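See structure below.
The chains carry the letters A, B, C and D, assigned in the order they are written, with residues numbered from 1 in each.
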Amino acid sequence: MTEVIYPEERLRQKIHIRDPTLRNALSEFIGTALLLFIGIGIVMQFILSGEKLNTWIQINIGWGLAIAFCVYACSKTSGGHLNPAVSIALLTMGRLPVKDFIIYCFAQTFGAFIGTVGAYGIYYDQFIKYAGNHRTIIGPKATAICFCSFPALHVSNTTAFFDQVAGTALLMFFVCVIIDKRIAIPGWVHPFLFGFVVIMIGTSVGMNVGYPINPARDLGPRIFMLFIGYGSQAFTYHDYYFWIPIIAPLVGAVLAAWTYHLFIGCHIPDPKPVVLSMDEAKQPLRSA
Amino acid sequence: MTEVIYPEERLRQKIHIRDPTLRNALSEFIGTALLLFIGIGIVMQFILSGEKLNTWIQINIGWGLAIAFCVYACSKTSGGHLNPAVSIALLTMGRLPVKDFIIYCFAQTFGAFIGTVGAYGIYYDQFIKYAGNHRTIIGPKATAICFCSFPALHVSNTTAFFDQVAGTALLMFFVCVIIDKRIAIPGWVHPFLFGFVVIMIGTSVGMNVGYPINPARDLGPRIFMLFIGYGSQAFTYHDYYFWIPIIAPLVGAVLAAWTYHLFIGCHIPDPKPVVLSMDEAKQPLRSA
Amino acid sequence: MTEVIYPEERLRQKIHIRDPTLRNALSEFIGTALLLFIGIGIVMQFILSGEKLNTWIQINIGWGLAIAFCVYACSKTSGGHLNPAVSIALLTMGRLPVKDFIIYCFAQTFGAFIGTVGAYGIYYDQFIKYAGNHRTIIGPKATAICFCSFPALHVSNTTAFFDQVAGTALLMFFVCVIIDKRIAIPGWVHPFLFGFVVIMIGTSVGMNVGYPINPARDLGPRIFMLFIGYGSQAFTYHDYYFWIPIIAPLVGAVLAAWTYHLFIGCHIPDPKPVVLSMDEAKQPLRSA
Amino acid sequence: MTEVIYPEERLRQKIHIRDPTLRNALSEFIGTALLLFIGIGIVMQFILSGEKLNTWIQINIGWGLAIAFCVYACSKTSGGHLNPAVSIALLTMGRLPVKDFIIYCFAQTFGAFIGTVGAYGIYYDQFIKYAGNHRTIIGPKATAICFCSFPALHVSNTTAFFDQVAGTALLMFFVCVIIDKRIAIPGWVHPFLFGFVVIMIGTSVGMNVGYPINPARDLGPRIFMLFIGYGSQAFTYHDYYFWIPIIAPLVGAVLAAWTYHLFIGCHIPDPKPVVLSMDEAKQPLRSA
């Protein structure tokens, strides 16, 4: 039997990164950049077409699939968190050292920023056609919602906080269900199901602030807004709302992970403790 | 090989509940609370946004996915019935003792109540904006349909009864198909398919009263309505309609389960009887 | 280990039908009745709500899922054809004797009739509200399209014929792809994929006459129309169009099955002929 | 055990094509013809019904499923590229000789042409009703967009170029993720996931020119337009835009394939190189 070594295998032999932290950070960066490139594109296609080319169901489905496929891409390197809230929950579950958590957060947020740059570039012509030189948060030509969350005036920051706790809690609760080895869903299905969890959340907890449920997804594009003329309003709007989609998801994800194990996961009948090797433990969510 | 015992495994060793009835009741409670939190959120996002942020397709898909993931969560403890109609059908099929059936029903209905409280909390600001102080069942600011089913005036209670028998019958018929070991669908796929059955039902048997097809899902939120100012109309409306989505689903589910076995399941060619251990038999729907 | 024999297994021991033709006919009848009950419900929910509770995407998804689950139900007995066009194609492929084909066709068409009765019953109140005593095929209160296909006036019968050949050809072509053992898709996935094929067809070949692509699905409800006051117009309309969705699907399905094997299936590299036992051969589509 | 040889197996013994290039070309031709027959049908059902029978979500889902099933059909012969951009990326990855690449491109483009003929035939009556004798690219009765991409006037060709690079890059990036043996998704799932990638792309990168992301899909129907009266405008419109959806996808696909391996694929921890036999290597994407 003649064997063939494919070009990408030869490339691998030359460039394979052996340091787990570096390759994981790279994966989180690429994965979150892709996620935001796709995701910001989805929202822009909705807003800039006057809600014609996309409707809310496409936002739900598009974001869900973007999560699914970006997690697939990173599932065997960094685990495909793409979200500091997922990372902090896994930190409390012993899957991620504090140092790596901090690196993941930076990689994710920087990735989100870069992905937004890409989507803005692709849709720059449409942006100009829709909004001209206006860069405003509310009003008829408002485009701020293309980038990140801005609550309506009748939604209080307290409500927004609990909304983001709840939305991210749903995400992390079902992530814990899906990856629980005792629930026994095959690993290759996990990212696809994560995507459908996001679709579900979008149909349910999307009305108050539009389900960011991810600090990097919200902060990265918000920083980008400073560069293209929205000014400090991106941060000061609605009584400094900006910190809520950063902090609340972290709270929600940790609460949900432990709620799942406290009320359900720990009680699944199965006498043997699940034990993993240190190697597996170092690769959070690698099972996917 | 260095082994790692994860924190949730250590927690498990401390708090694992050994009594099946208790852990199953807890699971049914949590599962149904989550289901209603998500599901009431879906309907509120539809009604309170003036049918803008959700349309009927999102109600179909959102509820279907909510069923799928909440069943996944409970699939290895209580089996994830989340519905007294499913429980009574499994009772007649020898999977659930009468005592457990009653406990399941209470846990499900109380869970439905608590889940509704949560959704109402998250969307309280939106509720006030939409309806002000009105708490009415029909009319321009009507919000009762956010919580449970209220038939239109031209639908008779007789029609509503048969509608709920039929809708729940479809659900239970296909649940029996999916879990039939001779149909041989892998267990990890079951909850996902249950969800798609619900999506299908919503597109077909949703027009008369909106497919509650679950006594707990309908009664839990209806009781909550008494606490927030709708008054006894929640129960007296439409000539005491409220009992129909409680009783009719129980009838439909039992009829359907036995219809399936009588006309199809019993005739699948396979000489060996399916035999399960007492342990498996005690854990209804555990195969999922 | 204590063993448990479930009640449905005891029922099975008493009533199990040993004659394959009888049990298959029963399955085709039940399966097609369910399919039409759900499917006619979907269309009625669209028409009778003034296109509000369902839109076309729900018709696509609902019908697709109805196919998927009704085929699952019958997959281990009759194979779940639910469609004379599928049956005739399998006849030409040696999977169904001529006698069984005729029995299948009757069971399917009678099932379609009975399913329509059920859907009409559930939505009778809505029907009266929408159309009063009108039973017309065209015009503002027209409801004929709830039951079966009626082409618009600008679509010729020739076009309708080729449309139905093409639509059914797509269905059967991809059914052959999905069940081809050399494509190697696991059997439990087949019915789910059949459903998605139907969703796809509905988005593509649905404009001329609404993709009946199934003689039983079209004829059964059309006969029912005679009983509820539409008169002979149900058959004479559009220059006796009614025979087209009966004959064209049969032509399309046979053409497509052999086109697949002629141009693709026969050329998949694999030296061994696929051989099945007589027993397997007698149970068409049993692999599902 | 009596064995049965099915009729299609006997046909196979007579007509099985042993030359890989010929059978692969035939598969690519049939697969792309089917894809365009379905896909052009989808767009026509949208345009010619006045955006009533289809909306954008059906275009997304319909095209995605069309990709999925057409790839399934060809997955064991040619691999089911159906797109010169996918073929060129696999060429650079050593899976497709240059000669075969050229043959694939011709087969795909000719298939796209023939599929378009079919869809035009099926919807000819509808075409005449909608547009009469007008064959125009812009304006109230414009139908050119039924066939291939024509950018709006405010989108520059530079933007269109990068849009098509980006859209096709997303496609090929995730194709590489899905087929990566180290990501370990079972082969029979691949085509289904490809379809969902296309759905995602349609919700995100669809606004500028409508995501052709496939030179054959765009050029085949464009050539057909010359035969039915659109004139040379089909090619000269928008400053000779036509070459962009031919060239840009080729660039995007190659870039994306290597980007994936450079930044993620090569760093998946796994010491053994993936080695395939020459026979497997000759059948690109055969794993599907």
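To be clear about the criterion, a contact is a pair of C-beta atoms (placed from the backbone, for glycine too) under 8 Å apart; a residue touches a chain by one contact, two chains touch by 3 or more.
For clarity, every value in this text was computed on a predicted model and none was experimentally measured.
Enquirer: By label order, what chains touch chain C and chain D together?
Expert: Common contact partners of chain C and chain D, which must touch each of the two, are absent.
Enquirer: What's the rotation, in steps of 5°, that superposes chain A's Cα atoms on chain D?
Expert: When the C-alpha atoms are superposed, chain A turns by 90 degrees onto chain D.
Enquirer: Taking CA centroids for every chain, report which one is farthest away from chain A.
Expert: Taking each chain's C-alpha mean as its centre, the farthest from chain A is C.
Enquirer: Over half shared or under half: which fits the residue numbers at the contact of copies chain B and chain C, same or different?
Expert: The interface is built from different residue numbers on each side, given that under half of them are used by both copies.
Enquirer: Taking each chain's centre as the mean of its CA atoms, how far is chain B from chain C in angstrom?
Expert: The separation of the two C-alpha centroids amounts to 29 Å.
Enquirer: Taking each chain's centre as the mean position of its Cα atoms, how many Å separate chain A from chain C?
Expert: Centres of chain A and chain C (C-alpha means) sit 41 Å apart.
Enquirer: What are the residues of chain A that contact at least two other chains?
Expert: Those would be 55, 57.
Enquirer: Pairs of chains that touch, anyone?
Expert: Those chain pairs satisfying the definition are A-B, A-D, B-C, C-D.
Enquirer: Under the touch definition given earlier, write down the residues of chain B that touch chain C in their complex.
Expert: Of all residues in chain B, those touching chain C are 55-57, 60, 92-95, 154-156, 159, 162-163, 166, 170, 173-174, 177-178, 182-186, 189, 193, 196-197, 199-200, 203-208, 258, 260-269, 273-278, 280-281.
Enquirer: Residue numbers of chain C touching chain B in their complex, please.
Expert: Where chain C meets chain B, its residues are 1-9, 11-13, 15-17, 20, 23, 26-27, 30, 34, 37-39, 41-42, 44-45, 48-49, 52-55, 57-59, 61-62, 65-66, 68-69, 72-77, 118, 121-126, 128-129, 187-188, 192, 283.
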